[in-house]
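See the structures that follow.
Here come two complexes built around subunit A, the first alongside subunit B, the second alongside subunit C.
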Partner chain A sequence: MNYELLKDLCQKSGVSGYESEVLKFIEERIRQYSDGLEYDRAGNLIAYKKGRLGKCENNKRILYSCHADEVGFVITHIEDDGRLLFEQIGMSVLVYTGRQVLIGKKKIPGIIAVKPVHLLEKEESEKIPEHKSLFIDIGAKSREEAEELGVYADYAVFDSGYEELGSGMIKAKALDDRAGCAMLISLMERGIEHDGYFAFCVGEELGLRGSQTVAERIKPDLCINLECTTAGDVYGVTGSQRTCLVGGGAVVPFMDGSAVYSADLYRKARAIAEKKGIICQTKTKIAGGTDAGSYTRIAGGCRTLGLAVPTRYIHSACSIAKKSDIDEVEKLLFAVSDEAAGL
Partner chain B sequence: MKLDIEVYTEEIKKLYRMLAEIPAVSGKEECYAEKMRQTVLMYTDFFDKSEILAGGGLLFTHSCGVPNARKLLIDAHFDTVGFIVSEILDGGFVRVEAVGGIDRRLLFASEAEIYGRKTIKGVFVSTPPHLSKKDKDAEKKLPPLSEMFIDTGYTKEELCDIVSVGDACGFTFSYKELRNGIICGRSMDDRICAVAVLLAAKITSEDKNYVDKCDIIFSFSSAEEVNGSGGAVLGRLLADGAVVMDVNFGRDYEIAPQESYILGEGCGVSYSCTTSRALTDALVSCAEKSEIPLQKMVEPKSTGTNANYISNAYLGTPCAVLSIPEKYMHTAVEAVDIKDVYSCAKLLCEFFKVFPEFADNFEKSRKIIPMEGVLGNEL
Partner chain C sequence: MSINTENRKKIEKLYSIKTVSGSLDKKNNSMYEYVKKELSDFCDDIFADDIGNVIAVKRSGAENAEKIALIAAADEAGFVAADTKSEGKIRLHGIGNPFYARLCGREAFQIEKGKSIYRGVLLSDSSDTDKIGEDSFYLETEDKNRDISEGDFICADDPPVFFGDNGICLNGLSSKIFCLSLIDIAKCAGSFSFDVYYIFAAQHLLGARGEKCAAYTVGADIAIAFKLIPEGRTKTGAGPVIAFSDGRGRCSDYVTGGLEEAAEGIGISYQLCAETEKDEISMIAPFISEGTKTGIIGISASNKKVGTSKCDLRDLRGAAAAACAFLIFSDEKSEENR
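The block that comes next holds the complex of A and B.
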């Protein structure tokens, strides 16, 4: 994996509905490797790339898909005293209280603020804050001051650096699904055997929105969907409840909350992994949702394979993944891609 | 631009009354589609084509005559909230289920209409609290809708000849004008938006300076209040953009500023992660240039309108949401300010003029390397 690329991608902003910054970066990066490139009518970035061997037999259409959006916030209101009210996209209140954020293209810093612990009533201090009690403080003293900065209706992302952690781990925001984006870009750079379509979807975190129009646009016969998936392997959780393990290799799911993946592709992908000595695992809980939910359902539905990076604290400022897992997913993606025409 | 509203005030009132007279509780649009079609076509000759879709939604098309012209979709929904008869009871009472979001608190002893073989009137009743001995606190509790009945005044035998299970019921229509240009009545949601669209169509058709270079499709959609199927089918039109029109909450005590508009201060535009920012910005800048008052709201996850469905159906359609502020939504006394209806119509008229250029630029910006021969490049 090109970790410089992953770092760049994670540091771009792309809250669902506001993906232009990250998509522009990807567009510029993949332009030279694309034989067709467009934003579709719903804003998804779609590339077509010719393969070394040309089209598949029967003109089978292969789609590689990931999502470009990330969880974050939208400023919904400015109070007279300059505080910003906001809505969250894709998160629990637990993970954003007290965090630092960056607002909009200008990356205006702000804090998701709470009352100091000293001033809380005993009962209050034991409770998870309610979303409606929170606001973003950018230091503005008045509505006018905040308005002038253009923050109204703008987005905010976590202000969280991309860092190496412990032994071979990465901590960053938006690993979900910039890791997927990075792998598809790498695949385009490396080249493919048979013609393929590459989709960088918008609005996944709003309920698999962008991928629905991609499915209609491409009408794929085979889809390989790249994701990050929740690893619950933290202290105290045991057995299947962990869902998948950081350090356990590439995740190949058979089913999740949104989709039933092709059992045939699941089996074949595992066989390819075994042949190539790629470490992989599956999900031990049927949970979460991915764009595979769209691809298996819309425009006739197509056989879909999921490949995912096991990731801890996935919808937060600090998601953690292991480089070796990312490398295994990328290797498996390349290997599956080489054989995709026959799958 | 000065709002020459005086000219159109009476027209807005009259047109609203014409449209709101026609009941079409979600699920029953087909029964009223032809009548609504005639009503619209009688009002304006702007549209040269009209059709009734499966589900009873209506589609009116104004063709500009230019080949491959841009297509602007304007959506308002045809259906309204109401009730459906679930059981005919002894004594001429009728039990109903809600269609769409209904506030049960307002139903006690209120008037209703049942659209059976003929339309009959009735009154919502429930067991009077002081007769309900079992529960001393009954007066404080809101009974479920299944324990509130419509008293029709007929005997059961007579009633069975008129009403069947599955027939729709609605609020009776009692139009009132309050002070300061506020009008009230049923089904403002979403007939008042249709009023704005039709007024815009009429003004445009009478505007000698209008340069006709884009097709304008008005969808009077079915089923918005229940499942959005009438909006979802519009994806196939492949419009270059859609302005989705619906009512939104008017400011009232207890309703926060960030989730409401002030009546009389102009129509509202929503910013949402589920709509097109480019189209929304185009609409806002059009209003600013034309000095048409506009209020703003941020509804990140869902606009609660047909835009939720249209934006994502088939290949996707860039949507913007334009609202008329309304108080007392989903009741028999929905209230709007005529000024907002008029400024909404004005904005649409101005937007018709600038839309083709927006659509050209938007398409140019999204096509980077042609997909020719791979995917349909025209899409």
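The block that comes next holds the complex of A and C.
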């Protein structure tokens, strides 16, 4: 994996509905490796790439997909005293209270503010704050001052850097699903055996919105969907409740909350991994949904394979993943891609 | 349809086909084999799609003919093996909200390529009925037979129970019985001036995924869904139910009126109701999204929420007859219009 690329991707903004910054970066990066590139009306970036061997014999349409959007916030109202009210996309109040954010293209800094501990009543201090009690403080004294900064109806992302930590681990915001984006870019750079479409979808965190359009537009026969998935290996839970493990290798799910993956593709991917010595695991608890939900439900259905990076704390200010897992997912993606025509 | 030996065999045969939501696809589809065997002499085309739907088509022969779809959910609740390694037990994930407490202690089968293989017994870590659920549920099997991997589908031994002249108890969430209605209609109805699509929908219990896929594929002008309607506003044994809405959408007046007219036309007493439960999975919503006129016909089922449904086979026969009459009357109307 090109970790410089992953770092760059994670540092771009791309809250669902506001993905232009990250998509522009991806577009510039993949233009030279594409044989066709377009944004559809929903805003998805779709590239077509010719393979070394041309089209599949049976004209099978192969789609590689990931999502470019990330969880975040939208500024919905400015109070007279300059406080910003906001809505969240894809998160629980647990993970954003007190966090630093950056608003819009100008990256105006702000804090998701709560009453300081000194002012909290005992009862209040033992409760999770309600979303409606929170606001973003950008230091503006008045509505006019905040409006002049152009923050109204703009987006906000977590102000959270990319860092390496521990033993081969990385932490960053938006690993879900910039890791998938990085792998698809790498696959385009490396080249593919048979022609394929590459979709960098918008709006996944808003309910798989972008991928529904991609599914209708491309009508794939085979889809390989790249994701990051919940690793619950640190919450004091045991056994199957952990879902998957950081350090356990690539995740090949057989099912998630939005799709039942093609059983034969699941088995074939596991077999390819075994043959190539790629470490992999599956999800032992059905949790979360992915763009696979859109692809499996198109006319006639679409055989879909999921590949995912086990990631702790997804949908929060910073997630943690292990480099070796990301490498295993990428290796498996490349190996599956090489055999995609026969899958 | 009363419970004579022939009907009983038909129902037992249908329920012997294991169709846990998600276990069917294009290649491995026991429902496809079943429908093909039953309807190959009566339909022009029978195919399965990637999500597992089975669709049988009776064409009119005319180009650009209208399309009428009849839909029955072909799936049933069950389990998928989620963890076979970490705890020494085979942990299961419930699919389609199975009733754990009722299934505890039942024999379990692994579904492999449409066949079911005996694997052991479903058990729970908890003996407290209220705590028997996904977190405590597992499959107990002998180690030597433990050829089960994550992603394998498991079903409980939960066959229909027959009683009296017309009574039948089904797994509470199984509307699969309507697959028989579709087969009976396809065998009796013949051809019309429109194409008829008989849709045996997969993954209904996972959120009408099969219906969504089929709605795109078929692009029907009219779609009629068959479903179990919880007893309350309707009664078992009081005739088929024509519902003019479900919790997610309202049926077309044209189709609802047509079904009423059809039932009256053949002298069947029916019950009219609005199904309003928001948590019910809507079979018609995916078709409404495609601009299809929709209708619902079904039968009243008691105890649906507690794991078993008591139904009356006379209602089932009435529902099939009314839907069949709808096709005939629609054909006559289009003939008149021409």
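Here is the rule we use: the second predicted complex is superposed on the first by the 341 of 343 C-alpha atoms of A that agree within 3 Å, B and C clash if a C-alpha of one lies under 4 Å from a C-alpha of the other, contacts with A are read in each partner's own complex, and residues count from 1 in each chain.
We take it that a residue touches a chain if its C-beta (ideal position, glycine included) is under 8 Å from a C-beta of that chain, and two chains touch if they have at least 3 such contacts.
Keep in mind that what you see is a predicted model, and the values were worked out from it rather than measured.
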{"item": "First, second, both or neither for A:255, with subunit B first and subunit C second", "value": "second"}
{"item": "Contacts of A:302 with subunit B and subunit C, given as first, second, both or neither", "value": "second"}
{"item": "Partner chain in contact with A:77 - subunit B first, subunit C second, else both or neither", "value": "first"}
{"item": "Which superposed partner A:264 touches (first subunit B, second subunit C, both, neither)", "value": "second"}
{"item": "Touching partner for A:153 - first (subunit B), second (subunit C), both, neither", "value": "first"}
{"item": "Per-residue contact with subunit A, leading partner among subunit C and subunit B", "value": "B"}
{"item": "Partner chain(s) touched by A:218 [first = subunit B, second = subunit C, both, neither]", "value": "first"}
{"item": "Touched partner set for A:337, first subunit B, second subunit C, both or neither", "value": "neither"}
{"item": "First (subunit B), second (subunit C), both or neither touched by A:319", "value": "neither"}
{"item": "Touch list for subunit C against partner subunit A, complex", "value": "21-23, 25-28, 49-53, 80, 82-83, 86-87, 91, 93, 135, 150-151, 203, 206, 209, 212-213, 216-217"}
{"item": "Residue ranges of subunit B touching subunit A (in the complex, touch as defined)", "value": "238, 256-258, 271-274, 276-277, 296, 298-301, 311-312, 314-318, 365-372, 374-375, 379"}
{"item": "Complex contacts: residues of subunit A adjacent to subunit C", "value": "238-242, 254-255, 259-260, 262-264, 266-267, 282-286, 296-303"}
{"item": "Complex contact set, residues of subunit A against subunit B", "value": "15-18, 27, 31, 34-43, 46, 48, 74-77, 85, 87, 89, 152-153, 203, 206, 209, 212-213, 216-218"}
